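Paired with chain B in one complex and with chain C in the other, chain A is shared by the two complexes that follow.
And now, the complex of A and B:
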C-alpha cells in the first residue's frame, strides 16, 4: 500500500502552521478520509467540519493543494501523491481552528436579501401551474449546496475584503433563483445595485470554476442579473422617469 | 462553578432538519419565542441527503390516489404495528404540507399540465412522491431554511445538547455546549421539541453522517420518556459498497423507480425469485410488466425491485451469502440496461438521477449510464424512537415533544421510502403547534442550578482523565459490534453476546480521555456523543432480543416467521429507578373500525 504525506494547517485565530502527517493510502480514498484517519489515530483534536461525505451538504470546504474543493469529493488518485498534499482552511473567512472557518457572515448576508414573495395562486385548485422549462432554469441555481467555495475564491472578498458592500457569487445565485422564480413578484434589483455590489463583479468566472455543483454562476446568474440592473437603472428613459419620481 | 450563557425561549427545538425547522416555523407563527439548536450549520442536516421525494396523495399523476390508499400502504409497509392515528393524520395532511412548501418557494418537477410531478416508489401503490430530480431533501431543507430565517427564530448553530433539564415532572430546558469555543449554554424553555433524527452512527456501514448518534432518543430516555419499537432499524437495500471509503453512502430507491434492476453475478434478476404473499397481488408477473410500470402504465403492477426495503435488503444478503454476489460483496444495480428501451437513455438517466450520476462518476469512476453499480444494505433509518401522542407529538414527559425520525409510531415495523420527508413536515408542524400551545398554557419553569453544575462537570470529565483510551476506538468497537451482532440478520446468541459487551463498552466510555482544549475538539464531541450511542445501542439490542419473531425490518434467523403473539405488541423501554434499562411488552393501539375497513378495502 502506498503512503502519502498530508500537510495540514493547524492553528486558530492567533496563528498557526502546517503539520505533516504520514499515512497509508487505501483505494478510492478521498481527502476527507485521510483527515478522519489522522483525527482518529494521530490527532484526536484536529478540527474539521463535515456532514454527509457525499458532496450534498457542502460542509467540508477547504483548499487542497491551493484549490478550493470539497474534501469529500476529492479523490487521492487525482492528486500527485509523491509530494505532500496541503490541506488548508478557506482563506476568505476568519479561522476558528485548523480546517474550520467562521462562515457566519454568509448566513447574515442571506437574511438581507428580500425573501420569496409569490403572486396570488391562480389555478382553480388554489395553487399554481408552472412549466417545467421555466422551472429548469431556477432548479440549476437551487442545486447550490452552500459550500461557499465560490465566496472563498472570489477576489472581491478574498483580496479586497468588501464584505460590507458585496454579497458574493453565492448570493447572486440565490438572488437570481428568486428573481427568475416563475411565481416571485418581489423586486431585488435596486438592492443588488446599491447595497449588494453586483457592479464589483468583473466576471472573471473563478466562482464558476470551483463550483462543485457545476452551476454556471457567472453566465446564468450574475450576467443576467447585471443585464436586468442595467436595463432598469441605466436606460435613459427609465432614468428620467425616476428623476421625476424623486427616486434615484 | 461552571460558566455558562443563559438563553430563554418559550419553545426550544433541538435539531434543524426538516422536522425541527418545520416545528420552529409553526411555533413561531403561533406567537411564542422560539430557539433552534443545531449540531451543524443551518441547512446541513441529514434531510439534505434525502433523494427520492415526499410521499403525499396529491393525485396529480394518478387520480385514483387519495389519503386512504396512502394510509393503507403505510400500514401494510409497517406490518400493522404503526400507530393508526398517526398513519391517518400523515396521509391526510401530507398534501397540504407539500403545497405549503411550494408557496414558500420550493420548485418541484412538473407534470405536463404544470402541476407537481409524482414518482413511483417502493410500497406505494400509485406514483406519489413529489420530487426534484434526486435532490428532494436539499430542496426541502433549503425552502424551510430560507423561509425560517425571516420568522424571528433564534438559531444557535453548531451547538450540541448534552442533557435535558426538568422542573419536577416537566421539562424545563436543555444544557449543552457550542462547538466553536466549547462554551456551555443553558436554554430555559417551557416546551422542548426533539427533532434530532436517527441513530445510524451506532453501526459501521451507514448512510448517516456523524450527527446521527441518537441524541434525541437518549436525551428523552434519560429524562424519563419511553422509547418504543427500537428493534426496527431499517437497512436501506442499496448503499454503495466500493470503494471502501464510500461504503454505506446511499443509492436512491429512485434508481429502481426509474427502471433500475437488481442482478446477481450470474446476471439473474433474483428479486423475481421471492415475492412475499402480502405483496403477491401487487407485483409484476414478468420483467416486461415491471418496466411498463416504471414508465407510468397504470395497468401494470410494480417490479419486485420496488418491494419494501426490508425484503429487498434481505434478498441481497441472501444472494451474497450464497456466493452469488458482486466482486466487493454486494449485488449489481443496473439502470444502463434501459438503453434497450429508450433511444436517449444516457441523457434520460442524467436528467432523472443527476446526483447519482455525479456520485458514482466522482467517487467510484463508474458511469451509471453505461455500466451497473455495486450495491449492498446500509443502515439508514430507525422506525423506533420516543413514544409520543399521535395528535400532539408530546412524550410521556410533560412539555417534551418529539418529531421526525426520533419519534416513533408512524412507520411501525418498517418505513416506506418517501414517508420520511412527509413525516417531518406533518409531525414537525404538529409538534411545533402543540409545543407552542403547551408553552402558552403553562407557567414558567425554573432549572435547578445543581443539575446544571453536575452536567457541566460530567461533560468536562474526559479532559481530566490522564491515561484513558481515546473515544474513537470505543466508538469504532461499538459500531463493529452492532454491525456484526445486531445487524440485518439477528440471532439469540449473537444478541446475547452484544448485550454482555455493552456494559464493557460503558465501562470503557467512563474512562475515555481526550487531549487538546475545548475549542472545536472532535475528540471531546465524540466522547460526549458516545453516551447517546451506547444508550440507543443497548435499547436496540434489548428490544431485538425480546422480539422472538421476524417482522418488518427486524429479522431473526432463529425465529424466521411472524408470530401472532407479537403482532400487536410493542417493545417499550424506560429507565428504571435504579438507573437500569427496563424493557416491557405493551399492547399496540387498536385499529378503529373505520380505519380497519379502509385496510380491508385496499388489500
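And now, the complex of A and C:
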C-alpha cells in the first residue's frame, strides 16, 4: 500500500494551524475516507461534517489543495500523492472547529428572496399546465445540493466580504430557478439589482468550476439574470418599448 | 441583508493553498489579449497595405473613407490635420467594444489584467471592490448595443468574403479567399453565440414553448454559446491572421496562391 501525507487544518475561531498525518491509502479511497481514518486512528477529536458520502447532501465541503471540493467526491487517485494534500475548511465562512464551518448566513440570505408566486390556475380544478420544454431550463438549477462551494470560491464574498450587499452564486441560481419558472409571476429584478448585488459579480466563473453538480451557474443563471436586469433598468430602447406597450 | 457573525480574515495578494499552476491560464490570457491589442492598434494605425486584389483586411472593413474603393470617398476634409489618419480608426471601436464588453472576455481580463481575482481562491491586491455594480464598469451593460453593431459587421465581412472570390470579374479561389471565408465563419460563431443575443432571442421568455420559432433560434444560439470561449479565441486569432495575410501579400512578402 502507498502512503500519503494529509495536511489538515486544526483549530477554531480563535486560531489554528495545519497538522500533518501520514497514513496508508488504498485504491478507490476518497478524501473523506482518509479524514475518517485519521479521525479513528490518529486524531479522535478531529471535527468534520459529513452525511451521505455520495455527493448529494452537500455536507462535507472543504478546500482540498486550495480548491473547494466535496471530500466525499474527491478521489485520492486524482491528487498528487507525492506531495502533502492540504485539507482545510471553507475560508468564506466562520470556522467552528477544524473542518467544520458555520454556513448559517446562507440560510438567512435565502429568506430574503421572494418565494414562488404562481399565476392564477389554468384549469377550474385549480391546477396548472406547463410545457416540459419550459421546465427543462429551470430543472438544471434544481440539482443544487447547497454545498456552498460556489459561495466559498466567489471572490466577492471570499476576498471582499460583501456579505451585506451580495447574495452569492448559490442564491442567484435559486433566484433564477424562481424567476425563469413558467408559472411564477413574482418580480425579483429590483431586489437583485439593489439589495442582492448581482452587479458585483464580474463573471470569473469560479462558481461554475467548483460546482459538484456541474450546474452552469454563470452562463445559465447569473448572466441571464444580469440581462433581465439590463432590460429592466439600463436599456433605453427596452424602456421606450415598455412606454409604448403601456407597461411601467 | 443578513450580516455574517464573525469578521473573517482577508488573505494577501497571491496567497493561496493551491498547488497547481494556477497562474498559467491568466498569463496566457494576458499574453494573448495583450499581443492582439498591440498588433491591432499598430495595424489599425498604419493606413496602408490593407487591400490586395479583391481582399480587404477585416481591420479596415467597412472602409468608410480612404481609398478609391471606400463607401464615401477619400479621407474627409474635416479630419483634423494634427490627428493621425487611418480608415480603421473610424470603425475598429465597434468590434473592439463588442469584445471588451463580452461576458467571456470580461471574466478573462478581470483576472489576467486586473487580478480581480488573479485566479480562483487566490488573494487579490486590492481591498476596495465595486465590480460592475457602479461606475465605471456598470457601462459593461451596453454590450447588447455593441452586439447590434457586431451583427452588422458580420454582414459586411460576409460581403467582403464573397468579393474575395471574384478576381477581375471572374470567379476564383485564392488562399486569401479561404482566409476571409474562415474569418467570417469564426466571427459568426462568436457573434451568434453571444450571451446577450441568447437572452434577446428567447432567454427573456419564461414560456418559450409558446414561440416555437424563437425556441429553435434560442437552441441554436445556446449551442454556439456553450463554446463561446473557443469561438472567442479562434475568431480573435483568425481576424489578426487575416490582416497579417493581406498585409504581407500587399507588401510583396507573401504570394497569394490561386487554387483555381
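As a convention for this text, the second predicted complex is superposed on the first by the 234 of 248 C-alpha atoms of A that agree within 3 Å, B and C clash if a C-alpha of one lies under 4 Å from a C-alpha of the other, contacts with A are read in each partner's own complex, and residues count from 1 in each chain.
Everything below uses one rule, namely that contacts are C-beta pairs under 8 Å (C-beta built on N, C-alpha and C of every residue); 3 or more make two chains touch, one makes a residue touch a chain.
All values reported here derive from a predicted model rather than from experimental measurement.
Annotation for the three-chain superposition on chain A: chain B and chain C fit side by side.
Seen from the CA centre of chain A, the centres of chain B and chain C span an angle of about 140°, rounded to a multiple of 10.
Contact with chain B, but none with chain C, is seen for A:127 once the two complexes are overlaid on the shared chain. Applying the stated contact rule after C-alpha superposition, one finds that A:26 touches chain B and leaves chain C untouched. Once the two complexes are laid over each other on the shared chain, residue contacts for A:181 go to chain B and to chain C alike. By the touch criterion defined above, A:48 reaches chain B but does not reach chain C.
After overlaying the two complexes on the shared chain, residue contacts for A:205 are found with chain C alone; chain B is out of touch.
Legend: residue contacts after superposition of the two complexes on their common chain; A:118 is shown touching chain B, with no touch to chain C.
In the overlay built on the shared chain, the residue A:140 is in contact with neither chain B nor chain C. Distance between chain B and chain C in the overlay is 11 Å (nearest C-alpha pair, rounded to whole angstrom). Comparing which residues of chain A touch chain B with which touch chain C, the overlap comprises 102, 104, 131, 181, 184. Partner chain B is touched in their complex by these residues of chain A: 12, 26-30, 33, 39-41, 44-59, 73, 75, 96-98, 100, 102-104, 107, 110-111, 115-116, 118, 121, 127-132, 135, 138-139, 142-143, 145-146, 178, 181, 183-184. Within the complex formed with chain A, the residues of chain C that make contact are 1-8, 10-11, 16-20, 103-104, 106-107, 110-111, 116-117, 120-121, 123-124, 127, 129-134, 137-138, 141, 144, 195-196, 198-200, 203-204, 206-210, 215, 225-226, 228.
The residues of chain A lying in touch with chain C in their complex are 13, 63, 65-68, 80, 83, 86, 88, 91-95, 102, 104-105, 108-109, 112, 131, 133-134, 137, 153, 155-156, 158-165, 167, 179-182, 184, 195-197, 199-206, 209-210, 218-219, 223-224, 226-228, 230-231, 234-235. Those residues of chain B that touch chain A in the shared complex are 40-46, 48-49, 99, 102-105, 107-110, 113-115, 132-133, 135, 138-139, 142, 146-147, 149-150, 157, 180, 209-211, 242-246, 249-250, 355, 358-359, 362-364, 470-473, 476, 514-517, 519-524.
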